[in-house]
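Just so it is clear, A, B, C and D label the chains in written order, and each chain counts residues from 1 on its own.
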Amino acid sequence: MKQSEIAVVGGGIIGSAIAYYLAKAGFQVDVLEAGEVGSGSTQAAAGMLGAHSEYKEFGTSLYPFARSSQKLYEEAEAAIRSLTGIDIERRTGGLLKLVFKEEERARLLELCSLEGVTWLDHASLTDKTPGLAESVLGAVHMEEDVHVTPAIACNGFRSAAQVLGAEIHTYTRVEKIGKEAGHYQLQTSKGKWQAERVVIASGVWSNSILEQTGLGSSIFPVKGECIAVTNTQAPLRCSLFHDQHYIVPRNNNELIIGATKVENDWTTEPTLGGIQTVMEKARQMLPGIDEMPFRRSWAGLRPQTFDGKPLIGEHPEMKGLFIAAGHQRNGILLAPATGKMIADLLSGNDVSEEWKEAFRVDRPYSNEEVLL
Amino acid sequence: MKQSEIAVVGGGIIGSAIAYYLAKAGFQVDVLEAGEVGSGSTQAAAGMLGAHSEYKEFGTSLYPFARSSQKLYEEAEAAIRSLTGIDIERRTGGLLKLVFKEEERARLLELCSLEGVTWLDHASLTDKTPGLAESVLGAVHMEEDVHVTPAIACNGFRSAAQVLGAEIHTYTRVEKIGKEAGHYQLQTSKGKWQAERVVIASGVWSNSILEQTGLGSSIFPVKGECIAVTNTQAPLRCSLFHDQHYIVPRNNNELIIGATKVENDWTTEPTLGGIQTVMEKARQMLPGIDEMPFRRSWAGLRPQTFDGKPLIGEHPEMKGLFIAAGHQRNGILLAPATGKMIADLLSGNDVSEEWKEAFRVDRPYSNEEVLL
Amino acid sequence: MKQSEIAVVGGGIIGSAIAYYLAKAGFQVDVLEAGEVGSGSTQAAAGMLGAHSEYKEFGTSLYPFARSSQKLYEEAEAAIRSLTGIDIERRTGGLLKLVFKEEERARLLELCSLEGVTWLDHASLTDKTPGLAESVLGAVHMEEDVHVTPAIACNGFRSAAQVLGAEIHTYTRVEKIGKEAGHYQLQTSKGKWQAERVVIASGVWSNSILEQTGLGSSIFPVKGECIAVTNTQAPLRCSLFHDQHYIVPRNNNELIIGATKVENDWTTEPTLGGIQTVMEKARQMLPGIDEMPFRRSWAGLRPQTFDGKPLIGEHPEMKGLFIAAGHQRNGILLAPATGKMIADLLSGNDVSEEWKEAFRVDRPYSNEEVLL
Amino acid sequence: MKQSEIAVVGGGIIGSAIAYYLAKAGFQVDVLEAGEVGSGSTQAAAGMLGAHSEYKEFGTSLYPFARSSQKLYEEAEAAIRSLTGIDIERRTGGLLKLVFKEEERARLLELCSLEGVTWLDHASLTDKTPGLAESVLGAVHMEEDVHVTPAIACNGFRSAAQVLGAEIHTYTRVEKIGKEAGHYQLQTSKGKWQAERVVIASGVWSNSILEQTGLGSSIFPVKGECIAVTNTQAPLRCSLFHDQHYIVPRNNNELIIGATKVENDWTTEPTLGGIQTVMEKARQMLPGIDEMPFRRSWAGLRPQTFDGKPLIGEHPEMKGLFIAAGHQRNGILLAPATGKMIADLLSGNDVSEEWKEAFRVDRPYSNEEVLL
C-alpha cells in the first residue's frame, strides 16, 4: 500500500496548480491522474484569462478571486520558467469584446470604469484587427484578459511541482474513497493508496467520488466544441469575443475558435452540427475566416455547478477531505488562485472569509448565475 | 543512368493501373512517383464507380468506356486478391440519386431504361436508408454504381504490378523530358533515367511535363473538399448523391461526404467555407448527420480538361510518348479501362476507334460538357 | 429511468458480438459503452484468428471453442455483409509460424497432424514471403489462422446488432451495479438504468464491477505495444509469427507489428523501449523492414486471467448476471463463439458442458497455462 | 501577369527571414512558396541555435556569421512580438555537449576559452539533468546555444513580414526562371510572375532552379530522422548533444530526439531503421527515456553543400538574381543573419567581405568540412 501526506485526485490544470502550491508550501504530494496530465478538459480549453470578460457583475466574490488568479499567473510564469525552463505562453494583447448592436454597447460601456478596460470605436479597431467584420460597431478592450496555452500551462505547473518534490502518477484512476483508522483509503486501478489528506480535483469526473461522500450530484458536464484554422491573413493580436463565442490566436498562427454549450452531454467528440455553429459565429466576427484552412476540431467537458461558482473547501463531515472542482469554463483562469487557496487552507493560513463562504462545498442551492 | 523499357510517370490510381496492365502484358515497367503511391488525388477521392450517375447522355464514347471500366473492376478485384492477398473493398449496394423536386424526377426517370437502374419512391426508400430526409420525393437506384476504397484499390494495382515484375520508385519527381539518340531521357530528382517509351499519368501535375512537349496547358485543377463523420445511426447501405454532392459509407462506419468544386485552386487544404458547404448539402440528404461525430477533412485536386473527357493516347509528334491524364472526378472509375487501353495501345492490340478519337490528346477544343 | 431486457456492459468486440447474437435470438438489447464502440483493446489488436497458433495443446476445451469461433466468422461475415453492407476484411493466406532453431521445429512438427496445418521448408517459403530472413529454417503454415481488421469486425457486429434492433449507448460508463426488487440497477454516467439481465463484457475494465459482485480481482491488464510500417517491398500474403511476436499485412499495405507483454501496466501509450523491442523481433523475421517507412504506434490492454481462459457464464449468486471477459490476447478470435455461448445460455439452449465448466466464472485458481 | 519588386522563392525559415528583413528595409516583397509556409525542412528541425556546438574551428567566416545570427535572434524576438503578438519560443538553458571518453574531453576543453562556454564535471551536471547516464564524464555547457521552436520562429518572421507589407503566396510552385526585356519571368503553378529582382531560398529544392541558371548541382539532400517522446520524469533544462545526436526539450514536455544523416535520400518518411538509430543514441545520453511514451516521428531534408557553408550572394552572370540556400543542418540558426545579409546586399549596404567571399555562390569546390 502506497502512502501520501496529501493525495490530489486529478491531474488537470486545477490538480496541477494545487500540487504546485502545496509542494511549494512544503507538503509531500502525490497526484493521482486517471489518464495523462492535462488530457481532459484542460487541453480542450482556449486559455483566456477573462477576469473582466466572463462575469456579470463585479461586486461578488468571484471577480476578485478571478482577478487575483490573473495576477498570480505573472508570478507563476516566472517561477515555472525558473524551476523548469518552461514558458507557459502567456500572450499579451488582451481581449476585444465586440459590439454589433446598440443595446450591447450600453451594457458594455459600464465596464469601462474597470482597470484596464477601454472602449474602441470601429475606426480605432481597424489597426488591431484588420479583417474585422464591417458590422462591428466597436469593442470593449480588456487589456489584462490575456491568454495562455492551457496544455502548456498545466504542464508548467506539473513540472514545477515535480521539481519541488511532488510525484505524478498517471493512469491511476481513483474508484473509491473511504476512511479507516483515521487515514483516507483510496482504491485505484493501480491498487490501494493511503493518505492523510485528500483533495478532489477531477473536474466533471469528481461527481462519482463526491457521491460516495454524500455530497450529491453537484457537478454536471457542459460540452464545448472547438475548431482551429490557420490564419493566412494579417496576424490577430487580441482575442475576439462575442456572445460566448471567441477567436484566440496562437504562436503558430492557429486561431482557436469556440465554443458550443451542450448541457449534460458526456461525449468528447465534436458533432457536425456543433462545428457548424462555431463556424458561423466566427464568420460573423472575422469574415475572412471562410478562406482559411481548417486544421482540427475537438470537444471538452466543462464542470458546471448550479450557480456558476466552483466548489472549493473542506468536506463538511469528512475532515481532511478537500474539494476543488466545478470551475465551469474558467478552470484555466482560476487555477492559480484555487491552488493557492487550497494550499492556504491546508497550511492554516488566512483565507478570505468571503471566498470560503462563496465556494463552500455544501452551500445551499441558488439559481443566481454569475457568468455572462 | 537507369534504364526502363517503359517508364510510367505518376503512381496514383491511373499510373498504378497502367503499371498493372502493362506488367500483365509482359512489359518491363518502372513507375516514377514524385511522392508516395496514391498520395495525391487518389487518396482524396470517394471511390464511387458512377458509370450511370456521372454522365449526361449515354451515346457518347465516355459512357461505354466507363461501363467497361466498371466491369473490369470485377476481374481486377479477383486478380489482385489472388496475386497479393489484398481486397480492394469493392462494396455493393449501389447509389441512390435523390430527387427533391418534380423537375429532377422527370429527367432522372429517363435513366431507368438503362441496365440496373430503377426508380424508388419515398416509401420504398425507407428500408434502405432509414434516416433520409422527409423532403426526398424518391430516388433513382443505380445498382452497379458501387464503390471501392480508392487508396486500397490503388495499392492493390500497385502491389499486383510489383508481383508481376514492375518496379515502383517513390520520391522520384520527373522534372524534364527529352529525346536523345532515339531514347527518352527523364531528368528526375534522383538523377537521369532512360526509357524506350514513356506514359505520363500524373493527373493535374502532368501539365508542366506536357508543356515541355508542346501540348499546352490542357489540364487544370478543380479542388474538391471532403469530410468524414462516424455514422452512429443505422448503417447506410448505398451511396447517396444529389447535385454533385454525395455521402459514401465505409466498412468502419465512416461516411465520406463531398465535395466542393473550386476551379484553379492548387491548395490541398480544405477551407472553413468549403467544409461548411459540404456539411449543408449532406444535412439536406441525411438530417441526422448533424448529431454524428466529425472525424477529419481533406481536399484533392481533380485534373480537369476543357470537355470533361480524359486525354488518353500517343503524343502526335513524339512517338512512344503516351499520355493518360485528365480524368476529372472519375479517375477511380476509369482507372482499369485506362490501364487496359494504354496496355493495348503499347501492345498493338485493337482499341475502339471511337475511344481513340474521343480521348485523342490533341483533339480540338470544344465546350461540350459530358459530366452532369 | 431507462429500462432494458438485457444490458450489455461494454461495446468492444466481445460486447458487440454478444449484442449481435442476442438480437438475432430475439432479445431486446442495450449496449452501454463507456467511450466509443471498439475504442479500447479491440482497436489495438492485430486480428489474427489463431486457433492453431495460440494454444499449447489441443485436447482442452479452449481449442475446440476457438475453432468453433473461427468457423463462426464465416457465417458472421456473410450475415454482416447482408445486414449492413459492411465487409469485415477477413483475409485469407493464413499464418506462418517460423522456425529458427531445430528444437522449435520438433515441437511444431507435431502440429502438422491438425487439419489445415502443414510444414514448409526454407525453399518452399520463398514464394510466399520473398523477404524472409535467411536464418529461418522453415515454418508451419496454419492455413485457417486467417485474420480480420478488428475495428471493422467490431463495427460489423455492432451495426448488424443495430439493424436487428439493439441499441448502442456510447459515453455511458457503468459505475455501480445492484439489485432491487428483482431488477438490476446500473448507475451510469448518464443516470440510472434498469435491466432484467446484465452481461458484463468490459474486458480488463470489468474488474471494478466484478469486485462489487464479490468475484474478486480475477482480471488484470497485460499491455501490448504495436507499430505499423508501410510495406514498400513485395506484398506479404501470410501473417508471420515467432516467439509471441507477429507481422500481419493489411489491405493498405501496412504491416501491423506486435506485441510486447507488460503485466499490470494500465498505460495505453507505447514507450520508446517497447517500440524498440517489437522492431527488433520484426527485423529478425523480415530484415527488409528496416527500410520501410514507420507509420504509427499504439498500445492496448489485454484482459488477463490466472489460467489463460476467459470467464464466461452466470454469476454463482446473482442470477441473471452474466460475465464474458478475460479473453487475453484472443478477444478477436473468440468473439463469435463467446457471443453465441452467451445467447445460448440466456435462451436456455444447450451449451457444451465442457465449455461451461472450463470458463466458469468462479472456477478455482490453477496455474495451468493454456497459451503458448 | 503579377508583378513584384522582389520575389522570394521559398517560404521556409530562410525565405521568411529574408522577407522580413527586406520588408523592414522598405522593399515590396512577394514570397512564392510551393506548399505551405515552413512545411518543408523548417518544421522538421529541432531549432538549436548552436553557434558554438556546431563548428570545428572558430577563425573562419562561418562562426562569426553564426554568432551574429544568434544575437540577431534577440532583436528579432522582440520585434516579432511587438509587430504580431507572436512569441518565437526562444528557450534559454543552453546546450550540454556530453563527454563519454577522455579523448572527447580534451578536444572539448579547448572550447572553454569561448564566451559563455564552461566545463561541468559529472557531479555538477546532476542538478541540471537528473536522469543523465552514469557513464557521462562531464559536459561542456554552451550557455548561449539556446533553441527556438522552428515552425513558430518561421511563422513569426512570416507574420512580421506581412505586417510590414510583404505578401505570401502559398501553393505557388516556381517551375522556370528566365529574363525578358530586363525583367525576371517566373513560371509558376499559378501562372506567370514578373519581378525586378529574385531571391532563391528553396533549400534543397533550389537545385532544379539553379540548374536552369547554369549553377550546376551544388545542393543535395541529407535526410534527418527524428522522434518525440513525452518527458514523464524531471524536466530537462538544457539540450543534450553527443556525436551529432541531440535531445531538445519543449514547453509541452516533449523531448525532440534526432537525427540520422542519410545522404542523397529524398524521402521524407522516417524508416524503422532510422528511428531505431536515434532511439539508441538517446538512450545512451538519458537512459530513462526508455520508459517515456513515444509520440511521433518525422523526417526532413537538409540542403547540403560540398563544403558545409551556405550559398549566399548574387548570381555571377544574372544580375539581380540572388541565392540564399544550402544551410545544411543550421538553417534555423543562420536565418536572421542570412535575411539581414540579403537585405544589405539588395540595399547596397556594407557587408563583410569575408562573408561575401566565403558564401559566394560560384566559389570553387573544396573538400574542407566546417561542421563537426
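Simple rule for what comes next: a residue touches a chain if its C-beta (ideal position, glycine included) is under 8 Å from a C-beta of that chain, and two chains touch if they have at least 3 such contacts.
Predicted model only: the values in this text are computed from it and were never measured.
Interface comparison, B-C versus A-C: the higher number of contacting C-beta pairs is recorded for B-C.
When you average the Cα atoms of each chain and compare centres, the chain farthest from chain B turns out to be A.
For the pair chain A and chain B, the distance between C-alpha centroids works out to 48 Å. Centroid to centroid, with C-alpha atoms defining each point, chain B and chain C lie 37 Å apart.
If you average the Cα atoms of chain A and of chain C, the two centres end up 40 Å apart.
Residue positions of chain A with contacts to 2 or more other chains are 36, 170, 230, 267, 269.
Contact residues on chain A toward chain D in their complex (touch as defined above): 36, 83-89, 91-93, 149, 151-152, 155-156, 159, 162-163, 168, 170, 230, 232, 234-238, 249, 251-253.
On the chain A side of its complex with chain B, the touching residues are 227, 229-230, 267, 269-273, 275-276, 279-280, 282-283, 289-294, 297. Only residues 36, 170-173, 175, 189-190, 208, 266-269 of chain B touch chain D when the two sit together in their complex.
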